[in-house]
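Shared between the two complexes below is chain A, which has chain B as its partner in the first and chain C in the second.
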Partner chain A sequence: MGYSKVNECVIATDLYYSVADNTWARVNEDGTVYIGMTDIAQSLAGPILHAKAKPVGKVRKKGRPIATVESGKWVGPIKTPLSGEIVETNKALEEDVQLLNKSPYNKGWVVKLQPSDLENELKEMVTGDEAVEQYKEKIERDGIQACAHIEGTEDYE
Partner chain B sequence: MQQALDLRQNKYSEVSQEEKDRLFQECKDDERWHHILYGCYECGICVAACPSAKFYDFSPRLIAQSVAREDTDAIYTLMNDSVWDCSQCFSCDRCPRGNSPGQIITVMREVAVKNGLQTAKQALEGYGRIIYKIMSTGSQVSPDMLQPNAFPDWGHHVNEIADNLEVWRRALPPETLHTTETGWKVSEKTIIELYLIWHMTGVMDLIQGIDDGLHMILVDVMEERLEEAGYDIEFD
Partner chain C sequence: MEDFEGKKILVIQTHGVDTPKRTYSPLYYAVASAAMEIETTVWFTMNGTNQLRKGVAEMIKLDPSSNVTLASMLQMCLDNEVKLAVCQQSLALWNMTPDDLIDGVEIFGATTIIDLALNYDHVMYF
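On to the complex of A and B.
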């Protein structure tokens, strides 16, 4: 997996992003997708205290919440960038919810989705260099500070 | 650092006079308004009694005098930069003229929230978790919010409490307190009533104007639970 850094914020270049909602999607070979929050999202939220994913079997439209995340200073939704049915939630987060902070693109995935309109909806997301470029603009436009990483964060080199 | 409050400078000169007048009119249209503002002797009792005035650049007298003078430039500045410094303790209710700067501020805050002023959004940002907890569960701060990394000032024994939270809670005599995710057990009937009240009174619309993400997750929880209870209600 390749990584790029903008203002200390890591962007995994093989993932698809919804830049506005700070979420990513990884398409698996079996047609399912993993959904998670970005490094910028975890940094803005701060150390996460609770994360509650919607249950398996829940069907969600694009833009609706698939999980609620609470940190010391913030509570908000993780909005799914793709429509579909939740087929799995990340059990590892029950043991260590701060995997969302420490490994947002790998161990900290939030739900696995069976997408219902992948081909069309994926076109509205960005990946690779385009994602890096859009995040550069967003970071500048919104005045986002350099991303902070808690102890135990995975190595992105 | 917060800038000093200086009403001699018209800080929000870019905001139109019509908009400032409209917001003040909304304050005056509130039915409480004429029971909380009479006149001012300039005695300073409200300021002397005010705990916020001791710590912030804040004065309940300035609020009462500005609204009595109907100085809409000053009122707009106060509505943005001052009303959130009040602790709403109503110590200022000892005014010999019967003014209540605290209640004037309540009305001004409500107008600021209803109109989605940016400063109101900023002032309320830190309260999202508490609002979410109260409005989704019907109970206030919950025991499981007691996490070591959120309360380092409690010292090392906070770890022991957090690790054995269920045991500590079971040690409390009332069974309704044997909870960790909520402050106490909230009955199904109570929570459904609360959701319906918030829906019918427009509270959810207020929240949407201030924090869209918070509104989204609250509505999600409420719609699901109301549906289970046999109500077909759409919040959006």
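On to the complex of A and C.
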């Protein structure tokens, strides 16, 4: 996996992003996708205290919540960037919810989805250099401070 | 997580700027509720009304080191589709008119609150 950094915020360049909602999608070989929150999202939220994913079997339209996340200073939904059915939730988060902070692109995935319109909806997401460029603009436009990383965050070098 | 989509919660907030530490939590719960796709309304009455006067909530900050104010919390509610409503009669209590209110707040009468309380799944009173 390749990474880029913008203002200390990590962007994994092989993932697809919904920049507006700060979420990512990784397409698996079997056609399912992992969905998660970005490094910027975890930094804005701060250390996560609780996360509750929607149940397996729940069908979601793009933009609807797949989970609710709360920290000491923020609470809100994680909105799916793709439509589909939740086929798995990340049990590791029940043991250590701060995997969302420490490993947002790997161990901290939130749900696995069986997408229903992957080809079309992926076109509305960005990846690679385009994602990096859009995040640069967003960070500047929204005045987002340098991303903070808690102890135990995985090494992105 | 159990699926609560379609449920409705009414949060009644009677605390205002004179008791800042009692202002944040009801709004935080309301946002959490909305994030869980529960239809959520916060009803401001009695002292709760005064935080809705334009320019007031910006001055209420619980953590001096943070840039989060009560205004941020109210905006977070609106961003998450929490409905904010104020008691018509309470406006007069604080010498407020509809023009004094921040944007995004609806004005309901007492009969509406009774309707809401009877029709929502749960009422949280603060």
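Rule of thumb we're sticking to: the second predicted complex is superposed on the first by the 157 of 157 C-alpha atoms of A that agree within 3 Å, B and C clash if a C-alpha of one lies under 4 Å from a C-alpha of the other, contacts with A are read in each partner's own complex, and residues count from 1 in each chain.
The criterion applied here is as follows: a residue touches a chain if its C-beta (ideal position, glycine included) is under 8 Å from a C-beta of that chain, and two chains touch if they have at least 3 such contacts.
Small disclaimer: the values here were computed from a predicted structure and weren't measured.
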Legend entry - Fit or clash between chain C and chain B when superposed on chain A: clash
Inset, instruction - Check the residue A:His149 against both partner chains and state whether it touches chain B (first), chain C (second), both, or neither. - result: neither
Inset, instruction - Could you say whether A:Lys102 touches chain B, chain C, both of them, or neither, answering first, second, both or neither? - result: neither
Legend entry - Partner chain(s) touched by A:Lys62 [first = chain B, second = chain C, both, neither]: neither
Inset, instruction - Considering only the touch criterion stated at the top, classify A:Leu49 as touching first (chain B), second (chain C), both, or neither. - result: first
Inset, instruction - Please pick the stretch of chain B from 61-69, 115-123, 151-159 or 169-177 that overlaps chain C when the two structures are superposed. - result: 115-123
Legend entry - Footprint overlap on chain A, where chain B in one structure and chain C in the other make contact: 64-65, 68, 70, 73, 75-77
Legend entry - Partner chain A, residues of chain B touching it in the complex: 125-126, 128-129, 132, 144-145, 147, 149-150, 213-214, 216-217, 220
Legend entry - Residues of chain A defined as touching chain C within the complex: 52-55, 58, 64-65, 67-68, 70, 73, 75-77
Legend entry - chain A-touching residues of chain C, taken from the complex the two chains share: 1-3, 28, 31-32, 35-37, 66, 68, 76, 80
Inset, instruction - Write out the stretch or stretches of chain A touching chain B in their complex. - result: 47, 49-50, 64-65, 68, 70, 72-77, 79
